[in-house]
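Dropping the structures in below, format is structure tokens.
In the two complexes that follow, chain A is the common piece, with chain B as its partner first and chain C second.
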Partner chain A sequence: MAVIRDMMPAFELFRPVSVDDALQLMARHGEAAWALAGGLDTFDWLKDRIKRPEAVIDLGAISEMRGITADRGGLTIGAMTTLTEVATSPEVVESFSLLSMAAFHVATPQIRNQGTIGGNVAQDTRCWYYRGGWPCYRAGGNICYAAAPKAMNREHCILGAKRCVAVNPSDTAPALIALDAQMVIRSAGGERVVAAEDFFMSPAVDITRMTVLEPDELLTEIRIPETWSRARFYFEKVRDRQSWDFSLVTVASAMRMSGGRVQDARIVVNGVAPRPVRVTEAESVLIGSPANESIGLAAGEAAIRRAKPLRHNDFKRPLMRNLIRRAIRGQEA
Partner chain B sequence: MDRYTTATLRVNGQDLQVVFPTHHTLLEVLREECGLTGTKHGCELGECGTCTVLVDGEPVLSCLALTAEMEGRSIETVEGLQDGNELHPLQAAFADLGAAQCGYCTPGMLMTATALLAENDDPSADEIRTALAGNLCRCTGYHKIIEAVEWAAGVVRGDAGAGPAREVLFGSSVPGEGS
Partner chain C sequence: MERREGISKLLGRELYIDDVPMDRGLWGATVRSPSPRGRIREVRFSPDVNWDEFVVVDHRDIPGENHVWLIESDQPVLAADSVRHVHEPVVLLAHHSREMVHRAVRSVEVIVDPAPPVLDFRLPPGADGIQHGTDNVFSHIVIRKGDVDAALADAPVVIEGTYETGAQEHVYLENQGMVAWIDGDVVVVKGSLQCPYYVHAALTHGLGRAEDRVRVIQSPTGGGFGGKEEYPSVLALHVALLALKAGAPVKMIYDRPEDMAATTKRHPAWIRHRTGVDLDGRLLAQAVEVVFDGGAYVTLSPVVLSRGLIHAGGPYACDNVRIDGRAVLTNSVPFGAFRGFGAPQTIFAVERQMDKIAEELGMDPVELRRMNLIREGQSTATGQIIRDGADRLEVLDRALDLSAYREKQEEHARFNAAHEDLRRGVGLSTYFHGAGFTGGGEVHLSSVAKVEARPDGRIEVLTSNIEMGQGTLTIFTQIASESLGLEPDDVVIAEADTFRVPNSGPTVASRTVMVVGRLIEKACADLVAKLGDSDLRGPDLKQAIVDWYRKHSGGVLDGAARYEPPPGTSWDEDSYRGDAYGAFAWGACVVEVEVDLRTLGTRVLDVVAVQEVGKVLNELLARGQIQGGVVQAIGWALMEECVWSDGAMVNNQLTNYMIPTSDDVPPIRVDFLEAPYAHGTGGAKGIGELPVDGPAPAVAAAIEAATGTHPRVIPVTPERLMELYDGA
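So, the complex of A and B:
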């Protein structure tokens, strides 16, 4: 149970200046280690004393993990690049404006100044039962409080739930999947590259993790290939309040048109499933068709066919359908 | 394990030597070790913005930043706004317009607005709203805050006659001025 949201218990702080040093520290401290990026999610857990790492490995002094560089028509973004930098970078705005829109929609100016893109995709879910310290499945227990008969689950899943019905809160995640970004992951043992689409963990595979990152691994950079450079993009995040709030449903899409028809498209939604998902049902309705109102509606309907709302979130079905419809209508030539 | 860290912090243009528990946030160290209690302690979760200070000119939530990361960076707090006995135009505007009621959000509002005006001295009301989106106020309803920032921007730009009309400040009939 949450104790006080105030001071944190002490921890040992490490401030490595290279990725190699950070990875050595991660390997040495194993489960007791915690990678610290912007701290916006991290300190919430530590202040509540629900997570109590012994060794906090601050990635803030590692300059090789920061910055945006052009790379063969695409971009490489260091995981420690702030959301403000991503939102305002001329390279991102010019070629991959979908990502700058997504980063701009995260939280508040202060949080975008401190929060990093790596932390944004690696952040934990905001399900309040879990954040409040309830011993649910995700916390290693044997119940989901959010799916219980009288639970408050307005913000939770309508698709793809497996025991846990919490959603992924990241705004940049759906944009990165739409852009077919590649996540570069390192451990002391080497490097692996995972498509953004496969980076987020399904609770059917591991209910306690949000991403495929192992405890000794770091996300070091995100590579955006040239594939969708200057494509037609659409981003819309629906939230309860306009000033700042987590998403209820978000859509991010990238499309290429040819001769008035959709040649290729990637449509991704977040806020509806345990992880951001590509809506392939909608994509297949769309590809080869003109981007118009009736195709938009058909794609939206196809996307929600398998949705199973909980007690308080049936509204997410039409919301998701309509956002997909708008994403497509927004491309009308 | 080093429970304490010794560091030189550059706060409001002055170098301060401080010793603080390594895991303490910038908010804790500003208030406790530096004695600068102008920066307020609110939600501690990133939701309210009352703890906002400027780090290298950018608004940052001091409740969610480690002091250990601050060496070599320039920190500005509300105590640094005033120049001798002269209030900063934003402070003067907030005071004259009554853009504060309980005043708890004011230090954070002032710091965020300071960063906005440093970047754009002629912001539209929408730009002000966007910049202040992370600063909650439970009292004022925001209108006066936005007006105060607009007015202060005029003063910063040096616009003659920037600021509200007398009746905005004193009501329609000013005592001793007839009708």
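So, the complex of A and C:
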């Protein structure tokens, strides 16, 4: 019954001004290093003393990691660009409004002013057992408290869980996957580029991590290709209240129409599985069909066929089905 | 008039208790029970910690009686050999370092031999669950009027309904916090609290000290809502015990998770109605059963129950009423005072029942209420005859007009037909709230207020009623300055310090303005009379005061007043008959919602709250009270859900316990009708709690109108609504 939280433990703070310096520091401190972006997720962990890094590397002074630039019909977004900047950028709004909508749905204006897109996709899960310091699987223990018989698991998975049933809390993640964004990852040893779809980690692969980022790696930028520029987009986030609240279920989709039929589509759902997932079952129902209510319903039904709700989250099944249906049909006036 | 402490609050200059620097002080923390019920086998202190550095207090260090003085003496200050709820305080620690003391809490293990806990207040306890009397009932009250059984037997129609309301966390901005130090042979406690003299009494009992060796000072308080009515007594005892043992100042500040987990909440309630009506909808008989979850100790449950029951019949006239209510023990963290004090729960039930009656009779819910609202000269469930000049029908009609209730209904029919996913609806409630303490409470308190003139002609007001954001400093300044014809700057409000201010009672029950304000007026008159000319006001008065001090060097010119009940009121505590309150305030609320049938989320689109509260003394403060109360009630109705495990709240964080944000509530439209109350300050009745009574049932009624479901349990979360609405 650890009701009382500890104070923030001491650590060494670094403030590099270049990516290279930051990567050197990350390499030097390895597992003991912690990259600090806007701090919104970071400080929760440190203040609660649940994570105790020895070296905190503040990325705030690295100007090359910040800003949005047009790039062959697409965009390159620095990882340290704030969510407000992403949400309001004319380039994003014009061509990739899906991402702008997603960024606008994060928390509150204060948090969007401070939080970065890199931190938003790299943030840890909000499972309250884990965040409360319970020694669960994800924290290195050998039990999942959220899947226990009397557990509180209203916010947890209905799909694809493996031992850990926590969901990914990021609002921008499903939009980035729908837009087929590419994540640029660097370490002192070099650079790799990973599709957003593969960036988020399933507990089946590594239960202690939410993304493919290794301890010595930084996400430096996110590239959005021209592919889905000005497509038909849909974003809807269901939450318990209208601001300052994480998603229960979110859908983000991009569709291309041709002759009244769906030529291509990417439908992504978050809040239902350990990572944001493309609903390929729904996509295959959709492609080649008109985007109407009945196809929407069929796609929604297909999407939840494999869902296995926990004790308190059966409501996520109809919710997911209905959001997919609405993503396909479009919002009512 | 400018808000007295407004600027300092705006600029962040107001020093709340955690902001007060402490010289060479210690930080205190609490070790709590991990278990809902059982005997304490052992308290194990980890050998990894050097305990010599810590001040450690347990029940053996309590110099007085080991219970928190209140209605009954069942709640220990620190558990001695058994525990009755998770988070029950067992051991206190203090250390120079805040970090060290909080870390050390985890190094103390309370080992409990478990006994079977009672966790569901709706079920009768098993034999092995009895922990209070023979049946775990803290309080059982029955209100009787007429012959209910005969009237039910004769009624052409009898309608039954069962309703439930959940717990609610206060979410005051400032968590509980206190500092204690020793000054000579006096123990001084300063902190965030609503009732200085409750804390004072608890300290004298628990510490076994004479009244003049205990001093309680209120610090600027960042919200209370009832959460700082009885709980601060517990914290004050803890911090004082640590300070006494340490011989040094000690500060204890709860953080949000501890505050939410370990302190009181609104009582969960289960309420059943059986109502006999004639075919026109007239109420013939109301039989109401009420059960409140009291939690592990009695605390204030009997009085919360009492107020809940007095309001359980609603603002309606009915000749045959039986309201039978119990507050019962469970092994949950004790429930306590919360704005509305039991009335929001019972009003939710009776208002939902009125809607059910209307539906079963095929009647308009507005007309059903119009027919049954108390008329001048009719009486409440306790037989209190209402003759206050207030027009309850006008309150109702004003709410209908302002909200365009009828037009909205037509508009919604069109909207709903044109939409696949969205449904709109409008709901109404009518309600009342008794102002001040129930029954003989005010007589028993016998409050005193004082005013003291200063040699420069200014006037100081001395009461134990406190500012917690609701505007006491401002309204008291206004009352004193208006009654003496002085400028607001000529009035000083004394710090609520038991060494200086008289006991004018607690800051609860919507009584501050109505009851204590009146005492200030009388004390002012008493002071002026001492100058030999009762008509002195304004600059003449100031001059007279200055002259008085020139003549009486060393003297003090003051005035005082003691509470006297309004003439002609009577209350019988044993039979629960008579004038339960000096006055009732009346309200009507209309809520419009939109429900998304695909997510079953509800958005509130419009709220109109109309109330008759006697005279409105300060319109800005009054509107603020109504708006804040409405928001709190909307949260309770739609999203504020405490999740329990072993009788303790486990979603004790503001990311999991949802309170409404400014995006979740529309602009709240407030209007007042005024029928001055002869015995309230300037004609005022209480206002603080009424606004919490009405919105929840109106929200549920609006959801009902929108979706055709019948919400009878709040909060109406999307999941609950999904269960009711199977077309999702």
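One rule holds for everything that comes next: the second predicted complex is superposed on the first by the 323 of 333 C-alpha atoms of A that agree within 3 Å, B and C clash if a C-alpha of one lies under 4 Å from a C-alpha of the other, contacts with A are read in each partner's own complex, and residues count from 1 in each chain.
Note that a residue touches a chain if its C-beta (ideal position, glycine included) is under 8 Å from a C-beta of that chain, and two chains touch if they have at least 3 such contacts.
Here the structure is a predicted model, which means the values were calculated and not measured.
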| item | value |
| --- | --- |
| Chain B versus chain C as contact partner of A:T208, first or second or both or neither | neither |
| Partner chain(s) touched by A:P109 [first = chain B, second = chain C, both, neither] | first |
| First (chain B), second (chain C), both or neither touched by A:S243 | both |
| Partner chain(s) touched by A:F11 [first = chain B, second = chain C, both, neither] | first |
| Touched partner set for A:P318, first chain B, second chain C, both or neither | second |
| First (chain B), second (chain C), both or neither touched by A:R326 | second |
| Touching both chain C and chain B, counted on chain A across the two superposed complexes | 5-7, 108, 243-244 |
| Residues on chain A engaged by chain C in the complex (per definition of touch) | 1-7, 108, 126, 128, 150, 152, 154, 238, 240-246, 293, 312, 315, 318-319, 322-323, 325-326, 332 |
| Interface residues, chain B side, partner chain A - complex | 1-3, 21-25, 28, 43-46, 49, 52, 58-61, 63-66, 68-69, 112, 129-131, 133-134 |
| Interfacial residue positions of chain C with respect to chain A in the complex | 29-30, 32-34, 86-87, 98-99, 102-103, 105-106, 255, 257-258, 261-262, 419-422, 598-601, 603, 639, 643, 645, 650-653, 655-656, 658, 660-664, 717-719, 722, 728 |
| Chain A residues within the chain B interface of the complex | 5-13, 15, 36, 38-40, 43-44, 47, 56, 58, 60-61, 84, 107-111, 113-114, 243-244 |
